[in-house]
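One chain, subunit A, appears in both complexes that follow, with subunit B as partner in the first and subunit C in the second.
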Partner chain A sequence: MSVLKPFSKLPNLDTASILLVENEEQVQQGLAEALVEDSAQAVNVRLARSLPLPLENEKTRPRIDLVVFILNLTSDKSFKSANESLKYLDPGYFLGKVCFMVTNARYASGNMGRLDAVRKMAASLHCPLLFAEVQSPEGVTNAARRLLTILKVASGLVPNTSSLYLSNLTRCTKPPDIDQPSFD
Partner chain B sequence: MVYVFSVDCSIRNMNDSAKRSLQRLLRRIPFRMLKTSLDKWERLTAEQRRAIDLTPTKRDLIQEILSLCEENKWTEKHIAELQMIYVAENSDQDMWHTYQLVDPDDDARSVDLIQFKEQFKSHFREVQRNVFVKIRKHTDEAVWIRIAWGEGLSPPNNLRASYVVHHLQTPYVYVSSLSSKHKPLLLQALAFSTRHRGIKDANLSGRKLTALRDLLMRQYQHVFTTKFPSPLKEQNQSPLIEKEQSGPSAKRHRMAIEAFGEGALPAIQTAVYKLETKFKDPTNETMTERDEPFRCAVKFSSTNLLESLRSCASSGIASTPLTPLLSSIPLKGRNYFVITDNAPSACSQMSQTKN
Partner chain C sequence: MAKLVSLSDSDLSASSEESVSSRIHRSLRLAEQEKRKNEAEKPFVLALKYFSEVEVGTPVVGNDEFENHLAQVEKVAFSKGLSPEAVSVMLEFAMSLRMGSSPCARVLKCLIPDSVVPQEAVFRAVVWLSVGKIPISTQVLFIKWVLTVFDMIDAKDKLRAIYGFIFSFITDENLVCDSNAFKLLGKAGRQPYLLHLLSLYKVFCPELVTLSIPSRMRSGFKNHISPWKSALMALQKRGSLQVASSISLNFTLKNKTGSRKRRHRHLELPELSRVTNTGVNTEQTSSRKLVPLVQIQSFEQLLKNMHQIELPAQMGSLLGSRLALQYLDCVQDESALLRLNFWLGYALHEEFLFCTDGGAGQNAEEALQFLNKLLSAQQFLQEGFHSSDAFLYKFLNIWDGSLLRPQILGLLSNIPVIPSSRECQNEKLSCGLIECLNNMLLKWLTWHSVYALEDDLDISLHSHTSINITLSGFKDSVMDLVCFVGRLASVGLQLEGCHSLLLSFVLDFYETVCDTFLKFGLPLVVMPPPGVFYPAMFATDPVSLDRLAYIMNRYKMNLTSAKSQEKVTSHAFHISRQTYQEFNNYLAFMVNCLWNSSMRCPETDIQLSEELLAKSGVPQPWMRFDLIHHPAFMMYAVEFHQKCWPGRKDMDLNSIKQAKPWSWYLEFLFTQGFGGLKDFFQNNISRPGQELDSAQSKKQPLVS
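On to the complex of A and B.
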């Protein structure tokens, strides 16, 4: 019941909905504002710390077209919480409607194990992995623009494309050297 | 004849030593702060000040002031004034330690500045002769005391003076650059001249004097725990953005504010917890079975520790309700704790402290 499904509801006209999942709630708000501001279409943004989503919002929640997990590389909890949340997503989402966004990678250069873990997770789920610089407002706007590009396709606003194609084109293929120590 | 010569010699020596300490002091003060400090020092005429304002380099400025020093026969007293002005303006260059006055006498409330000055100076005069004490009231009603200590028979060392800041009728005293040798004497003098029977370490230290004062005097915005949550504030957020788990996050936010207050908090930089508890971890038997306590110190540091802790709590990085260990920094006004195993509850564990 609490599993989030991609096609359980009808879409709203000319609207895209995105769900940002971040355990720390640091980037979420700023990114959401940038998403709403930057888009030509109406974008509904839902913010959550983790999945499952509370049942009482079930009725007011629009159909979620794209789920973004924001992973803070400086924190272990961030990865763990995202990993736990994944099982509350319907498998249908993994056909191009989930992506991972890594933040603070610059400050976690000492801990490459975490980055490898994130890459492995994204590769095994066939999901795109984005890296974002969120310390500056320009970085947040940039990240929002990249998300909007994916969101438009995922919500069916781009003719002749579907998220299935996106899944094939953008997925993070497992790099050959992922089992070796990190490279620069 | 011999007598006259010796007096002359001592006067010249005094002038020389004043000049030397003035030179050392001027060298230590950065150029841009030097001018503002000199402006506040009321020993220069308007003309001299104008001439100083036009001096482009620090070396020329020092030479000029030194020649003025010779001309006007400034003594250590005048130079101490200048140094006090500089330290009062730049109080965050030193570490300040806080002491708390306890057991006030009946007339403690009526001590005024003149009385305090007299008592303090006379106490020093009785105990140690070669100490140079200067007391001055700063603009924010604080009493600044500068003490230059002399060793044995040597003259007071003006370069390593201790500073004491005290607001009259408050139980707290802030002290900087005090060596442990002079500590008992100074604390005794402070307790005596403010009419208190005792003085103890308040376990609070930091670089920002104003922050220490604000924390102890509770001069920041408080929020009191109420049974009913405050009415919802109007949010000017876009209707397109919605939080799914708004309930828990609002609750966390409220708890963080209850513990630390709203608005700007005093900038405390560090908090140190000294643990003298037994090691407790069910997975590590060899450590848990050891009888002696596992000694270690945990130090939190940040540019503004209280605000960091508040945002940790409200963003969910630290679990809420906050442990009394963290929330007692603002509550008890201290940032050094020794934690021992003796007491059963966490709250009372913190009461044992070492001085």
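On to the complex of A and C.
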């Protein structure tokens, strides 16, 4: 089965699993290390360039609690690849178990069109849109911490809350015009 | 012709004196040198005379006289520089197009001032710019020249008045429309300085420039200004440049900083410095005497000279000086604010938005200091700058939630009221964020109580803008903010396990919210969501509960006062039935829980069934949250019990509920500093402490 499903497997005890999807494979590794290092709970990090995931690892793969698409804003291919991958996710994932992480946003802010496209995509899928400063180690650690906050909720490790409830607040909304305040 | 004659003259005199003796020869030689010098200047004077008097329509092609005079001017310009009068004459000649447009560019290129540039000349040239049919490339050349010599213009009072005109000239004539801009770009060949100018404009008013401009563009004007700049520097080396060192220092500094370090210079606040250091000229050209800001040392001096302050050459320097900020605050000078905002907006954009090299970490310290200076300036002025607001709207979109967080949150809390609902997507639930939002709300409310007009219809949004917002629009904005923070706080408390520090910041926020009517005069009452109320109610620390009691008490006072006003005046604001109901439910629950030892809460959305409570195995669950058994107060109850009955071995906390000990216990609690609880009970329980049976105490919820 090529479509990834959120509830097709049983979870492992006290373990959260996260899938990082990045076409360029630049940030993935560092972020994965930071995720494992920073968490008190056991975190299972899986890496992929794009979806669908290969069939041969299907058996050994744990239940994925959170799918993170890492988008490099300086590259067009990054966005295209993520966009292509989305259709291999079960709709159940879009109830708070997918988020987009944009890198290099400050280095490509001359190109507002690309950022707009990403924002539109995240807003239409009701997913949170995070930004990360991956040029510095502090930035990577911080990005990992933010992902962990979402991951813990998505994997059911935080009592009394669910990923759907959290995503109600954190999901990206598309303001009418991001460049200018509307009274200007 | 004139030059030819003078040359033959000097040749003649030199040949006739060859046979004279050495002593006489020497004195004569000195005299002759003097004479030569005078005569060398003579053709220059003649040339200037020619250019000031030449007839309109004189042909250029084949005109030797013109050619010789211009060569003479060029020679003087590049060797000694041109005097202010010469600059005036030549600029007037070039811009008036008396001999057509062809010599115009050549004249502009040799306009190297030796001391200052008269403001009058530039002013006239701008007038010609709009009258004449000067080719676009020459117009651009002129603007570049003005930019280069800008610091050498002797006074800028008149020029400042036409800034807007110059800017609108550039935008309207050439750069606004896509088609025109492309035409211009086609002619000028997409030259970097033009793109740079466009990029400046994109920063200033992005809606006017629809072109996409490559962000990798650092050395905009550099190469193209250099002919003048190198000439000016050469003059300065020879010591013939009379302008003070501050300008030349600027040039050398700029040359020193390579392209890699270039961006860093935005982060250093420039020194307060005068426009030019040649004070004499300033006094001559302007009608009144101006006092440069740098000379002002004390507040008294500032007050004395308030009407005749000369702004510094670089507006960024204002941020670093308290007196300058005081001046800005008192005078509300539109053009000064415009210049400052432009500088600030550009610096912020360059440094934090258009990063090209990967040096995010290396200038962190500088960035920190820069933003702290900006913050302290804003705190001093008690309001934000437009440009920093506009920058934030962009920056927040791509912020990672941690980079320079304290500074960004500080700037954020200075944002003025935003009419439409705009949620900053941000899931970093931290105390800092709630504090920032509380500050923001406080500033909005303070601003409202200061600027709102009596008829409460139109409010000027910013003390120095003309943007207005209606009262209902303002209320909607505040409502949006409060509701947003309510949601944020609910989720945050849940995620952080009702962390008491976070709870404290959330209660800070609601201390502001509950007093919007009485303290700030804004007719709006918003109750906290259950996600905030119940965590505070069941908090394990007595301080949170005490603050909740204080907040509920303030809510009651606000609501009663609003209600009494509603009865008296017809156009008082209306509080919805739902708000009263929410308040009554919360109040009833609090009184029942703390005072009556019952968990009954009428008509609330949260209902616990008796069976479920029984399943928990807790004996008498309805008593667990009264003033004695509440986890926050148990410690006090035990202490009181020990003090009250020192001899008793077996502790029975329920014995406190008897009449006398109960009133003593309340007294004891109130002496522990729980002022919020004291007020709450005095206002909500009839005859506190006198009712022996607590079940008989009456609660007085408001009726809507």
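Descriptive notes on the structure:
Here, the second predicted complex is superposed on the first by the 177 of 184 C-alpha atoms of A that agree within 3 Å, B and C clash if a C-alpha of one lies under 4 Å from a C-alpha of the other, contacts with A are read in each partner's own complex, and residues count from 1 in each chain.
Note that in this section a contact is a pair of C-beta atoms (placed from the backbone, for glycine too) under 8 Å apart; a residue touches a chain by one contact, two chains touch by 3 or more.
Only a predicted model underlies this, so the values are computations on that prediction, with no experimental measurement involved.
With the C-alpha superposition on subunit A as described, subunit C and subunit B fit side by side in the combined arrangement. Looking at the shared chain after the overlay, A:R63 reaches neither subunit B nor subunit C.
Applying the stated contact rule after C-alpha superposition, one finds that A:K9 touches neither subunit B nor subunit C. Shared-chain residue A:A32: touches subunit B; no touch with subunit C. In the superposed model, A:L53 makes contact with subunit B only, not with subunit C.
Number of subunit A residues touched is higher for C, counting subunit B against subunit C.
Contacts of A:H126 after superposition: neither subunit B nor subunit C is touched. Between the C-alpha centres of subunit B and subunit C, as viewed from that of subunit A, the superposed structures give an angle of 80°, to the nearest 10.
Between subunit B and subunit C in the chain A overlay, the least Cα distance found is 13 Å.
The interface of subunit A with subunit B does not overlap its interface with subunit C at any residue.
The touching residues of subunit A, when paired with subunit B in their complex, are 19, 23-26, 29, 32-33, 36, 42-50, 53-54, 57, 60-61, 75, 77.
Subunit A contributes residues 102, 105-111, 113, 115, 119, 128-133, 135-136, 138-139, 142-143, 146, 149-150, 153, 158, 160-161, 165-166, 169-170, 172-173, 175-176, 178-184 to its touches with subunit C in the complex. Residue ranges on subunit C touching subunit A, taken from their complex, read 206-207, 212-216, 352-356, 358, 360-361, 389-390, 393-394, 397-403, 418-420, 422-423, 425, 427-428, 461, 467, 469, 487-488, 491, 494-495.
Contacts from subunit B toward subunit A in the complex involve residues 238, 240-245, 247-249, 315-317.
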